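Same chain, two partners: subunit A is paired with subunit B first, then with subunit C.
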Partner chain A sequence: MSARRRAIGAHYGVSEWALQLLTAVVMIVCAIWLAGAWLLVQPDSHARLAEFIGSELVRLPLMLLILALVWHAWIGAKSVMMDYLPWDWFRLVKLTGAACYLIVCLIWAVAVLWGVA
Partner chain B sequence: MADRSVPARRPKYLNLLRIRLPLPGIVSIMHRISGVFLIVVLPFAIYVLDVALTSEEGYAAVAAAFAHPLAQLATFTCLWALYHHLCAGIRFLLIEMHVGVELAAARASAAAAVAAGFLLAVAHSGALFL
Partner chain C sequence: MHFSIYRYNPEDGRDPYMQDYHVDVKPSAKMLLEALVQIKDELDDSLSFRRSCREGICGSDGVNINGKNGLACITPLADIRQPVTIRPLPGLPVVRDLVVDMSQFFKQYRSVRPYLLSDEPTPQRERLQSPTDRAELDGLYECILCACCSTACPSFWWNPDKFVGPAGLLQAYRFIADTRDSRINERIDNLEDPYRLFRCHTIMNCVDVCPKGLNPTKAIGKIKEIMLKRSF
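Presenting the complex of A and B:
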């Protein structure tokens, strides 16, 4: 057997594991930043909330957090479904369904964030 | 000697009803359950933000809705899932970095993750609604 050939697995798992960690750390950093900004500004009316979300110091980290979240959720949902949903024929449907669900969430969240003046 | 010509029927999926877990295992499965739960409630969170941002009336409607005890209970549940997922996730990050891998430390950090997740949810809910 060729030395280049791997004996087992396609090693998808390693990169997914690393991405799961990376997106988690990105979310934690963004969340700390946003929580600090929230406590500093304390937006307690519609106008102040719109101004808060509309400022780039909030919108960009929030955008990054949502991107990391959707990616993190995709990897998590995929591994959970592959572990517990025992219908092989259903695999494409459930994975496609989860992907569509998360893509819709992402687009909707982006539209909400950029809908603010 | 085992017959190797016939592949063993290895379990491909886990039967959740036959599993009895120690505390670190409970933290782990709660991490998964809270993760799935957070994915399910994600559209509701986006919807609430959407309504609150769209107009003054929407903001007032959201504020009024969160005065209801059921909405507050739902918020607490979401926050608990979030903080448990966060605490258990940080615990996993530390274990990946070989911090607290020994059995006693792993059990202690599992208990700490459950307690911290719950207490953070209580504190955050209290700050929001009391």
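Presenting the complex of A and C:
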């Protein structure tokens, strides 16, 4: 095989794989923190729940968890589509749809978290 | 014993079908390959399959046995549930009956340049290695290229033209781990790609079916680790 025709990588891929691992770790840490906070406070009414979520010690880790989840879901969705959708145009449409859905979810989460208290 | 075997002959114009065979396997027959040879000898000489060394070294007789890939020559008849369903290795084009076209598999294998690339001058005798460095190659060099692993991998089924597959990646790591090879960066560059390497999702079918007991998933994990370390 001549050097001109040698197979080489596209020089990316490792960053997405590492980010998927990193976002998974962030989600685990935040989930443990939030579960602990829930067990400590155990809000028993809507008002106390709103107060609980409104506290910066809960709201910020919760937002971080949602951000990590959205990013993780985006990399995962992209990966699944790369696996199973060989047609570029169809993959582009599906990826655009997934990106729009995840952005809407993120905006909604911000609106809920900063709208409760 | 009762066998149900995949039949396909592109020359007769029929769709592929499963054909049943009932055979009184000779008492001396211990392995599946011997039963297949007996079927061909006594019942149907049109049945096609590959075989050569008949002792798990050449990797010619990889087939799908009751839904799981394996080598017919080292699959004991006593351990197989009946009826024994035998199909060609999945995911590769069928040439005839149990014979598949392995061109795509070998194309991916060749793409990792599975041979030593050294910038050191060629020595008079062999290139020496310490016992510790040599031990790094255990579990990697034993691959016989039977394709059982790659054809059990869903990622290879979907992207055989882009994903190197477990067999190719195991061989890629075999030379990355070899201290006599001096092109590790070039080899990693070759694989740093969302398709060539990162279609592996650690499903581990490859580990489950490898007739030599090798672990391509572990080798792929080590390539990813080296790639990650190189990024920092």
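The working rule: the second predicted complex is superposed on the first by the 109 of 117 C-alpha atoms of A that agree within 3 Å, B and C clash if a C-alpha of one lies under 4 Å from a C-alpha of the other, contacts with A are read in each partner's own complex, and residues count from 1 in each chain.
We take it that a contact is a pair of C-beta atoms (placed from the backbone, for glycine too) under 8 Å apart; a residue touches a chain by one contact, two chains touch by 3 or more.
Predicted model only: the values in this text are computed from it and were never measured.
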Touched partner set for A:His46, first subunit B, second subunit C, both or neither: first
Which superposed partner A:Tyr84 touches (first subunit B, second subunit C, both, neither): both
Touching partner for A:Ile28 - first (subunit B), second (subunit C), both, neither: first
Which superposed partner A:Val14 touches (first subunit B, second subunit C, both, neither): second
Which of subunit B and subunit C A:Trp108 touches, first, second, both or neither: first
More subunit A residues in contact - subunit B or subunit C: B
Overlap of the subunit B and subunit C footprints on subunit A, listed as residue numbers: 83-84, 86
Partner subunit A, residues of subunit C touching it in the complex: 110-111, 113, 154-155, 158-159, 189-199, 201, 224, 227-228, 231
Subunit A partner contacts - residues on subunit B that touch it in the complex: 12-14, 16, 32, 35-36, 38-39, 42-43, 46, 49-50, 52-56, 58-60, 86, 89-90, 93, 96
Residues on subunit A engaged by subunit C in the complex (per definition of touch): 1, 6-18, 79, 82-84, 86
Subunit B contact footprint on subunit A (complex, rising order): 21, 24-25, 28, 45-46, 49-50, 53, 69, 73, 76-77, 80, 83-86, 101-102, 104-105, 108-109, 112, 115-116
